Amino acid sequence: MSEEAVMTHLRLDPDNVGEQDAESLLEAIKGDVRYEEVIHGCLNCGVCSGSCPSHRFFDYSPRIVVQTVLSGDAQAVKDMMDEYIWACAQCYTCAMRCPFHNSPGGLVMIMREVAVWRGMEAVHRLLKPYGRVLLKVLSIGNQLTPDMIQPDFFPDWGPKIPWSSTDLAIKRKAIPVYTLQVTTSAWRVSPQTSYELYTIYEETGVFRLIEQIDPNLYEVVSDMVEDLRDTIESSR
Amino acid sequence: MATSPISDKVRTSGWEFITKTVDKRAIMKAAPKDPREELAELEAKGEVKVIHITEENRPIEVETLLGRTKRIPTNKLWHHKSCGQCGNIPGYPTSIMWFMNKLGLEFLDETHQTSCTAWNYHGSGTSNLVALASVAVRNWHRAYETGYFPLIHCGTSFGNYKEMRNLLIEHKDLRDEVRRIMAKVGRELVIPEEIVHYSEWLHVLRHQIAALKIHDLSSIITTVHPACHVWKLVPEDVIYDPNIYGGQRPAPTTAILLALGAQVADYSTWYDCCGFGFRHILTEREFSRSFSLERKIKVMVEEANSDVAITQDTGCTTTLDKNQWIGKAHGYNYELPVMADVQFAALAAGADPYKVVQIQWHTSGWEKLLDKMGVDWRTSKAEYEAYLEELKAGREPEQLYVPPVENLNLH
Amino acid sequence: MSTSVMVIGAGPAGLQAASTLSHLGFDVTVVEQQQYLGGAVARHQYQVLMPDFSSGPELLRHLIERVNEDPHIKIYTGTSVEDVSESRDIFSITLSGAHAETIQSHAVVLATGFDHFNPARDGKYGYGIFPDVITGAELEEMFAKGPIRRPSNGEVPQSVAFIYCVGSRDRQVGNTYCSRVCCAVSAKQSIELREQLPKARISMFYMDVRTYGLWEDSLYWRSQEEAGVVYVKGRIAEVTEQHGRPVLKGEDTLVRGPFEWPFDLIVLAAGMEPSRGTHDMAKKFQVSLESHGFIKQAHTIHNASLTDHPGVFVAGAASGPKAIEDSIAEGDVASLAVFDYLKAKVTL
């Protein structure tokens, strides 16, 4: 493990997608400005894993994540980023209980971000079922919309789901709050708001990241972005 | 058996035990810095603008974990809505607005808001700190320019915004970067004096809300699912009250249920998450199902004999409600209604279960509960169905609230 | 003229200091806010002491008889220090309570001790919510007063769990230090429990077992070899209640992974914190506290009893967590330091 001070960063460069050397991944994790806050040391006491919902169901332990990162074994850390850390439910019970004030959940979040922004192989598989959410969040900033609740996607949610998706427009209209009387977004989002959101995504590398890791999705999104920009700019 | 969450239990053995006052202030000697004090310092230096809570917001003071004071604004609020709630549990925000109307409180619900995007971040990692902070500040600034104080409906937004506030206060380079991006969209860096969740608003107004109650809830056994991102993220900012679990567990939600006269039962997996897992609900559904059934619903029913699970956040309401039906395939025959504290309170105060509380979107059978509460949902259902027909025929919808025209900007 | 020294606090350290100071030729006033002498040993009625299983009441009898029979020692119980002023190395100390008077002292020994961490400050243990969750000090009181029973229903416990490091080594509650004695005291208690509960399951949940020096085999090993006590490495994440019994949730970090384990009785090895009296006296006598809130030793290695205020000395748990044996030793250390300090100034 390098003893040199790591340069801290606020975010990763999406143009470094593909840089997956184990040492550079560990360096990226340790360089995150939040790293110093999420990990201080470790007493190996087991409070985090004892509190952890995923520890009960998966081969996953926040204690092992912390210990592995602290060990400085870059290859072991990289192996974890492939699948292991994606079991975390991000509930932050570990962070609330850790006697060292570590945040194992926060550490996992940094590792996930690095895994995605470096385009690690497993990420493509992990993100696949996420496409619909990503499309919504990138285009309007909502993560869930009424029209996403469809029986095809949620057959396990039971016999009332078809009710929810039939005559949706009318049922949404029957919600007595004007902004909610829509189906393709969670509420009416003004075009100006989406326009501003696109600037944020552009300036923070999010669009560029999506372009690199999911070109098909990016194509759909960029069409929507262009249309909206044209509309807004021509109305000025 | 239902047990009282009030702490002054008499030890049955007759032993003389030490009793000392719990003073969480003793934790203060190693306490995290108070970001609000640092924010005030940055404001004094002209580094940031602060959205202040004013007289007009009619704040009520409460104590948080370490004995610090938090001011909860109750009036002139800007609704920072939740996409999970608006999309899937629409009676959640409508119940909040219904109470605000009932209490004569002023608010603004408009179209210039985005989600916090933190659910996606926790689930997929396809964002970053700068983007999250910029999204937060953009929403805060929008509230700021309207003159209304942001009230955060979603627990994940609430937790995430507290983290973003703290990180913005701590890191100048983050402030500079967010400021640069805000300039591009014609906005400024502003940070609210407090980050406030609707459950806190409900908590401080619980006695006024309880006074609106028209149904007797004394036979209703409730179980509370406290939401992880509401109380485990930035835990020192959470409201505690010595009368609720002896000040050892957060007060919001439990306190309003008690104020409404319902029973609140404890259960052995109270601390567990719901199984939502951010990505799990979409990509590891087996985990979400098993966890919510095995660790929450089953325990609430079997240990606590609960009539209803009461939530205070978005993902938990969905996870606990939607996963019960599939459990029948695995021999779990539970039918425990799930709803947010504010929906339960609205039912108790006589809100229309269909038109206002929108209970029809909830999948786990709530009919027995409503019967037990004395809510006439059958009439309400008939009226709602007739109303849907009228809407189909072109009738204009009824509104609890319509934003002023200048807050629409729709094409 | 006679040279007078005030000892504040009448626990083992203070009582030892009073007696030794008197032997060295000083007039001693012992000020104790409680109505009784003996400090924590008396308050919690320790019957059997760590490490040697000697008698607590006998130790108290020994310490108290010596000061009671000594004509050079005045004992002021039910008395508190109200106000302190200092002029030419003489402290003028105004007392309130049973002996409301002002006393001139040439030196002061602070033996103000510790308070147990109140576990209600850490919600995850359910202390004060679940009746069968008690502290180690409460277990000592049970030993003193009668048979061990479950507070919830009066039944004989069939299983007992000890939770280590409650309120110690934990930034979440503001105490980052080790309280030093709780591991060994819990081992002692488990051995005592075994005598009363021959069939009960007794389990210790620890992060490290710190039975220093000679306590290792005499307590830690013995508890396993003779008392059949089981040690599980894993800090308890939370305590809840199921069907009227407390349930421990945690990770067995070495062997079995996650567990949820019901017990009839839970004993919290609650750590030591500077007592309120320690804080009050530090303020009144203008001595500094170290970062954990105990009285700061000016020369930790050189002499355990020196504070950063000349004429004010410290003994016992007021300067940090320690065992009774060490507190009594420090009573002597402080007495000799007082002697050293005063011999240059006054003729004895």
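By written order: A, B and C. Residues from 1 in each chain.
Convention: a residue touches a chain if its C-beta (ideal position, glycine included) is under 8 Å from a C-beta of that chain, and two chains touch if they have at least 3 such contacts.
It should be emphasised that the depicted structure is a prediction, and the values quoted were computed from it without experimental measurement.
Averaging Cα atoms per chain gives one point for each, and the point farthest from that of chain B is the centre of C.
The chain pair sharing the most C-beta contacts is A-B.
Note: centroid distance chain A to chain B, computed from Cα atoms, is 22 Å. As a whole-number value, the distance joining the C-alpha centres of chain B and chain C reads 43 Å.
Taking the mean of the C-alpha atoms as each chain's centre, chain A and chain C sit 49 Å apart. Among all residues of chain A, those that touch two or more other chains are 51, 56, 93, 96. In chain C, the positions touching at least two other chains are 124, 171-172, 238, 249. Looking at chain B, residues 271 sit in touch with two or more other chains. Partner chain A is touched in their complex by these residues of chain B: 81-88, 90, 93-94, 97, 109-115, 117, 119-131, 134-135, 138, 142, 159, 167, 171, 173-174, 177, 180-181, 184-185, 187, 228-229, 231-233, 235, 271-273, 275-280, 282-285, 287, 289-291, 295, 322-326, 355-356, 358, 360-361, 363, 384, 387-388, 391-392, 397-403, 408-411. Within the complex, the chain C residues that touch chain B are 115-116, 118, 120-121, 123-124, 126, 128-129, 131, 134-135, 137-138, 141-142, 145, 149-154, 171-176, 238, 240-243, 247, 249, 260, 273, 292-293. Across the complex, chain A meets chain B through its residues 10-12, 32-34, 51, 53-54, 56-58, 86-87, 89-93, 95-96, 109, 112-113, 115-117, 123, 126-127, 129-130, 133-134, 137, 140-146, 148-149, 154, 156-161, 163-164, 167, 170-181, 186-197, 199-201, 203-206, 209-210, 213, 231, 235. For chain B in complex with chain C, the touching residues are 3, 7, 9, 11-13, 15-18, 20, 22-24, 26-31, 245-249, 266-271, 303. Only residues 124, 165, 169-172, 207, 233-238, 249-253, 257-259 of chain C touch chain A when the two sit together in their complex.
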